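Note sheet for the following structure.
Labels A, B and C are assigned to the chains in the order they are written; within every chain, residues are numbered from 1.
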Amino acid sequence: MVNFKLSNELSLQQELYRKFAETELKPIAAEADETETFPMDVWKKVAKYGMLGIPFPAEYEGSGSNNLSYSICVEELSKQDASIGVSVSVHTSLCSTPIFMFGNEDQKKKYLCDLASGRKYGAFGLTEPNAGTDASGQQSKAVKDGDNYILNGAKIFITNSAFADTFVAFAMTDKSKGTKGISAFILEKGMEGFTVDKDIPRMGIRAASNCGLAFENVVVPEANLLGKEGRGFGIAMQTLDGGRIGIASQAVGIAQGAINETIKYVKERKQFGKRISQFQNTQFQLADMQTKVDAARLLVWRAACAKDAHENYSALAAMAKLAASEAASDVTRRCVQLFGGYGYSREYPVERMMRDAKITEIYEGTSEVQKMVISGSMQVK
Amino acid sequence: MSEHKDIFVVVEQRDSEVQKVGLELIGEATRLRDELDPNQKVVGVILGENVKGAADLLFQYGADKVIAIEDAMLKEYVTEPYAKALVQLINDKNPEIVLFGATSIGRDLAPRVSSRVGTGLTADCTKLTIEIDERDEVPRKLLFMTRPAFGGNVMATILCKRTWPQMATVRPGVMKALEKKADAKGELEEYKVAFEAKDMNVEIMEVVKATNKSTDITEAKYLISGGRGIGGPEYFETLQKLADVLGGEISASRVAVDSGWIAKDRQVGQTGKTVRPLLYMAFGISGAIQHLAGMDASDLIISVNKDEGAAIFDVSDLGVVGDLKKIVPKLIEALEKYKAAKEVQ
Amino acid sequence: MKIVVYIKHVPDTNEVKLDPVTNTLIRDGLPSIINHDDKSGIEAALRIKEQVGGDSTVTVVCMGPPQADVALREALAMGCDNAVLLSSREFGGSDTLATSTIVAAGVAKLDYDLVITGRQAIDGDTAQVGPQIAEHLGLPQVSYAEEVVEITNDYIVVKRQFEDRYHIIKVKLPCLITALAELAEPRYMSVAGIEKAYATDITVLDYEAMKDVLPLEKIGLNGSPTNVKRSFGKQAKGAGTVLADLTPDEAVQAIIAKLEEKYII
């Protein structure tokens, strides 16, 4: 029989993440959004307390916990600030994890230890101006030159890019082979010819960093090839399977955060001589929303547990992300409605949550991509 | 129990100046004594380097007797010499009851003394009565000590029945001192304690007298808050005077902050700070829900507003419908008079 | 340096709810936390350990039912090295004096140069247990510590707060200090610290383990000189009064009367 109760360790970790988010993120989230500024001071504290290396073992200076704990962390942080939530997710799932899974021992010592301990920060470069959902259409090229690869091309919408030290990036090493011609590389900030553009103005997660990257004859040592040449597409897809657990957790966090804010508000606000919490519409709306969010959370936890158990979790993560991101968009929109005019105003956080929610249906695979993955696993064709 | 008698009040002095709570406790002790046994005495116990001059003041406030313990080692408060002197005195005189002010000195000293004497101690009492415990087979008069717990959410009445003396620390400002009787006299006993150098087991390197004024409104005990109705930034100066008389801080509603009348760190409410002071006074604040969320847990809320329908009145213990500009200056004046009258006492 | 921190696991009084009918405390579901002042004491101990270095250790001690385990795990997850739980049926119903007797007996079984407790617990607010432990152990005490000014292997210099002044006090080790919440802003647990905390064994000392130094007649309900005769909820806030049509002088009188009634003045 499945037990839905968190272990002692996980309960205490949940308490840590929750308390940290309420104390450190809640007071700064609105201003960081308003000014589109990444809160570096708070981020350093996220790193200090071990939240950038949760699922990695102590031998690589990780926190020695697991993916379920990581999922809970992203949820709790995102309840208060979804920008920090996605930053943790990208650092962990999209940069540290592929190095952990596909890197050789030298690469793990050189890069993963710094990432898992939080001394350095990570990003992931797959999406290009002309290769979004169809990631196979990579136009970046890496040409072998002696012991090096010479990298040219551009990436777009790269989370954490303005401050990341380490990037896992993808490029064509042999265009004739299609997806089998894509390879993965570990890049370092400051490599000659590697530049990070300006932040891209956005609807939501406005405190996060999200820029384009440009590669102009970047000399990448062969030692920085991640996995074998030509295996990049598989690495990217497997990495994104894990990333979806992070984004789904972020979506659950945004939705739960909005519900919590709304419960507080409807118990204070009076209209027609009653607290609006006393209206059945309010009660039923919230009941409906909480049911959706709990269902999504259970899917996320199932996917995280499957990953921890080294089972195939690709479709499970896709279902979790599909359900959670759609719940987040729906729930935050309904929360704004329950708040009325104040919900639309920037005085309360629910309008920000509504803006932040939308992206969860888009990045790391749109809802449509999740449906492709899920139906594929069902062998519907 | 006949071998235990008299009510001792340990009177705190700082720089040889008697602290008000000592006089309050002597007043309370006289009331307790009248209930307990009119033949017993209220004894003021004062420790310091040169303190017996304070005896007259204690007589004037109701003490029948004063025991003064003087020594150079008692000049500034240090736990061990004070504890040693009191333990010797208590073991020697067998008082029925010993009361301390629940100040930072009283609450440091009393537990040390009580555990060395081997008796119970009840902290921070707000009410003392003499009653009989109906469960006792042989009825006897006991000190019923009532105190708040759980952050003030619960009151508990505590008894100390098996050991003597019955000891309590009592919150300052709760008990009432008696009217001063200028011609009152009493018996002064100078009590000797043989101190040794080792009793001074800590070294005071520095004494710094300071009133640490908090400007963090979440830490203030009393908050005087102004909103739209005060009309402009200059009126915060008037509210500051009121805050000064009470020993509080000024705070504000969002309108006052957004209008630039006062700094953002003074703002109470949803987008400001959440406060729960002992007293929150709201002047010209209508009580928007965002404001109420930040202050409605305050212990005592008093508000003044022109509009009798103002939502602030829904959460106020006392609401006054009226013109704050007429009321505030008179209130400051009245409080200053009140204070002056108390100091003369 | 061997540092021992005594902590209390207390109901979070910020979350206290009263039964609207009986006006008594609803204890069910009330979350428990490490008492604030005690957590500041843990932080101060960890900083002292880091500063003094060498083979310094911080041992955290808690008295309570088995559920207090989680408070000790939290302290370990913040960085404490060892944890001791004083737990026994015989300890139930202890007042402050009996509690301090038990804690002192537990601490006496450990190596210590410095004992730190919080000033007071948010449930009882007595501030008595710290000084009483010091008395039982025969240690000098400095209560209301606001700042550690200096620490060496021989002595500690502490800024000690009073209402109207502060003392800078130097005291030889071993000694006991009681920490104000201001003494040190506590760090969070770390994720790895939590993993470590659950891999660490907590020493449980019960009455049997301490009876050589713990007379039964000095502990528990029967060993406590004070006991609770009755407890009751704070009187419910009466529906507020709104006074209209007063002259300013009458208004001032009404306000002053209220301030007097509530002991503000």
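The rule is short, and it goes like this: a residue touches a chain if its C-beta (ideal position, glycine included) is under 8 Å from a C-beta of that chain, and two chains touch if they have at least 3 such contacts.
The structure presented is a predicted model; accordingly, all values stated were derived computationally and were not measured.
Set against the Cα centre of chain B, the chain with the most distant centre is A.
For chain pairs A-C and B-C, the one joined by more C-beta pairs in contact is B-C. When chain centres are taken as C-alpha averages, the shortest distance to the whole-protein C-alpha average belongs to C.
Here the CA centre of chain A is 54 Å from the CA centre of chain B. Rounded to a whole number, the gap between the C-alpha centres of chain A and chain C is 41 angstrom. Once the centre of each chain is set as its mean CA position, chain B and chain C turn out to be 22 Å apart.
Taken together, the chain B residues at the contact with chain C in this complex read 14, 76-77, 79-80, 103-105, 107-108, 110-112, 114-116, 118-124, 133, 144, 148-163, 173-174, 201-211, 222, 246, 278-279, 299-302, 304, 308, 313-323, 326-327, 330-331, 334-335, 338-339. Residue ranges of chain A in contact with chain C, taken from their complex: 8-9, 12-13, 16, 19-20, 48-51, 53-54, 58, 62-65, 69, 73.
By the touch criterion stated above, chain A contacts chain B in their complex at residues 268-270, 347-348. On the chain C side of its complex with chain B, the touching residues are 11, 13-14, 16, 18, 24-25, 95-97, 100, 122-132, 134-136, 140-144, 157, 161-172, 175, 224-234, 237-238, 240-246, 248-249, 251-256, 258-259, 262-265.
On chain B, the positions that touch chain A within their shared complex are 270-271, 289-290, 292-293.
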